[in-house]
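Notes follow the structure.
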């Protein structure tokens, strides 16, 4: 399941109870419906233990939320790329603000992901770390100012200069890296603003997952594209 | 799936390629066969992304290898108990030497596991930390001197005084806590020695997983009980 | 510089700017004055880079706030016990809630501290982890419910049952371990309540360090003993 | 104490017993002598608890080995920049391979170091992470392939293409960033090779610290410049 169309919406399930187990499967199916109904490229980032169940049931890309920077072997309790891929993951978030990674490990996991022909989405917190991430040649960089995550205040409207600065800094280093933005995104206006600033999509979570009607929230999100 | 019979054998899949994905499922089925053929209580500890697939297919307990000490919510990339349980885990290893945890987090995860009616298996490295773990009231403490893990030198024969000391220290603090031993265990002799020293079972990995014939290795393991 | 008298007051300098560098030296001198004026046993826990300067200038015990669980060798950036001792530390806090440690490392550092003839003060967050810590035979266990740290609400008055339960649990396991309590302590009433509950002293920080007149605050703290 | 001359030699004391306490002071004095005798710019990176004592006694730059990415406040056990500077540090190593840091924290500490008018030396493990580090605008990047650290095999001779590639990648991103190389460096030949490859100095440790005669080892190191 490649991620080729644009714009792209990645729905990060985090570890909300509303997006765990069967509820995660339900949200993945809704995301697939929105893809089929609107043609907008949708992907979900699920908890490790939910990857297999979801990837068996939907036709949109299913990403892991994190991969540990270790190889196969004696690493009890680690989440390795090989197991994630076998469970159906077609890519992974890397360095999410809730799971920051060491610089050398980000480099390592991007390389492993690329070698496995999977999609890498590196999350960053500002213009400077976005530029640093871009030198490592991931598929995507997703800029998410930590202070706006879960705030309901969309980064694309509250701090447009960070989004624009990130797009410029990344394209200057490596034009092939695609830029997403996250943090506070939930409406069609937020997403339109994100695209107008030069991004190719959004990474979001609570604005959809905790909505009273997630499908309608997703439909609204992609309505202004 | 309760863990009631004894002795108990827990096969830790770690992150070996030989125990990932379909190969993990195969090893789980072998373990189930050994249980059915010999009546010896078998359990497997699988990678997070393999839990669902395995638990759907076998009738023996499937444990997680690690649970992160966080509650449901915004914790991208964490392995939460709720998701593990939903995926079919009936318990979890805690504080394995390859995934050591903070003291406060061990306490937290044991409590969460107990509240969820799941089995807790705390791994420890010596007599002192085994006693400390016993005060936290887990179901099992598994003593594994780190220097013997993966060595092929069975702790039950190389350092019997550590196993005996651990059993004594734990029973002195809380007689309800059951003691396993690990590190270097692979043969029927090793397991018999472990039981003779007062343990109620073993936790093992490479001795079986990397064996040329894992099923025969398991049958040999339980042959002297 | 041994810690023998009782009760004991340990003033944790944390990393407040008010207790860094020359200001840390000033607070240490105030603490020494209070010891000389009142006879109450005072100790300070200073930042690593302040240990040498302070220990050269005061006659009360100076503790480290943390020691990394590594031996001498190639560990760039680690704070090793040998260097702390050479700089004048006569003991160390271990596992403070702002610097939680793995169980195996707590055991390791207590042993290293004891071998070096230094004082170990293990911080814990509840009755259960206090009992666990006591099995490891530190000199002191300091119980500090995290939710009260820096709150100004004294644990000795807000949650007396936790303090009493901790004293009982620890003495049951090892009567030689001495119990301190912390979190929210700042006044003479708070300290008297702590001692009345069976503790042998207090561990405190912001209540004194951020006071408008730290010396008077310390004098008030020890006024009801 | 600014670091302006070139080439530069940074002697990392790590946590060897041979470079702890009074022995660290002795090595710092030797380094100062070599600076005075040869004019080659020398600096030392000392353990936190040794910074004050050393900086009081020598006239060459004294760096910290690591700074925690936290501000002043309630962070017991952390090594904050403010305290390091007050103790005499004029800069710090960042992200040493023995103390890897998260990407966002490297960015944070470089900014704090720059704001404090101190020198930042970011350690990296390969060409890719060196380029990433250069985007964050540190004063120096020190490339040290981890497999060669402490090996006695000089990176400047064993893997010259990594050193050259790093110099090229860094200068392409930010010509103002100065490049050091480390790992296995100990002789004058090693250092000459490093400079010939375009670096402006070396970061080294065991080759000097564990030498039978550290001063002669240092004099040999700088003899071919």
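Think of it as A, B, C and D in the order they're written, each chain with its own count starting at 1.
Here is the rule we use: a contact is a pair of C-beta atoms (placed from the backbone, for glycine too) under 8 Å apart; a residue touches a chain by one contact, two chains touch by 3 or more.
Because the structure is predicted, anything quoted here is derived from the model rather than measured.
Visitor: When you check each chain against chain B and chain C, which touch both of them?
Guide: Chains touching both chain B and chain C: none.
Visitor: Expressed in steps between touching chains, what is the minimal separation of chain B and chain D?
Guide: 2
Visitor: Per the centroid of Cα atoms for each chain, what is the distance between chain A and chain D, given in Å?
Guide: The mean C-alpha positions of chain A and chain D differ by 37 Å.
Visitor: State, to the nearest whole Å, the distance from the C-alpha centre of chain A to the C-alpha centre of chain C.
Guide: Taking the mean C-alpha position of each chain, the two centres sit 44 Å apart.
Visitor: Would you mind pulling out the distance in Å between where the CA atoms of chain A average out and where those of chain B do?
Guide: Inter-chain centre distance comes to 34 Å.
Visitor: Return the residues of chain C touching two or more other chains; collapse runs of consecutive numbers into ranges.
Guide: 97
Visitor: Which category does the touching pattern between chains fall into here: line, ring, star, complete, or other?
Guide: Topology of the interface graph: a ring, with each chain touching two neighbours.
Visitor: Can you work out from the touch definition every pair of chains that touches here?
Guide: Pairs satisfying the touch definition: A-B, A-D, B-C, C-D.
Visitor: Quick check on the complex: what are the chain B residues that touch chain C?
Guide: Where chain B meets chain C, its residues are 95, 97, 100-107, 124-126, 128-129, 131-133, 135-137, 169, 173.
Visitor: Which chain C residues qualify as touching chain D in the complex?
Guide: Those in contact with chain D are residues 12, 14-17, 20-22, 45, 47-53, 64-66, 70, 72-80, 82-84, 86-87, 89, 93, 96-99, 149-150, 205-206.
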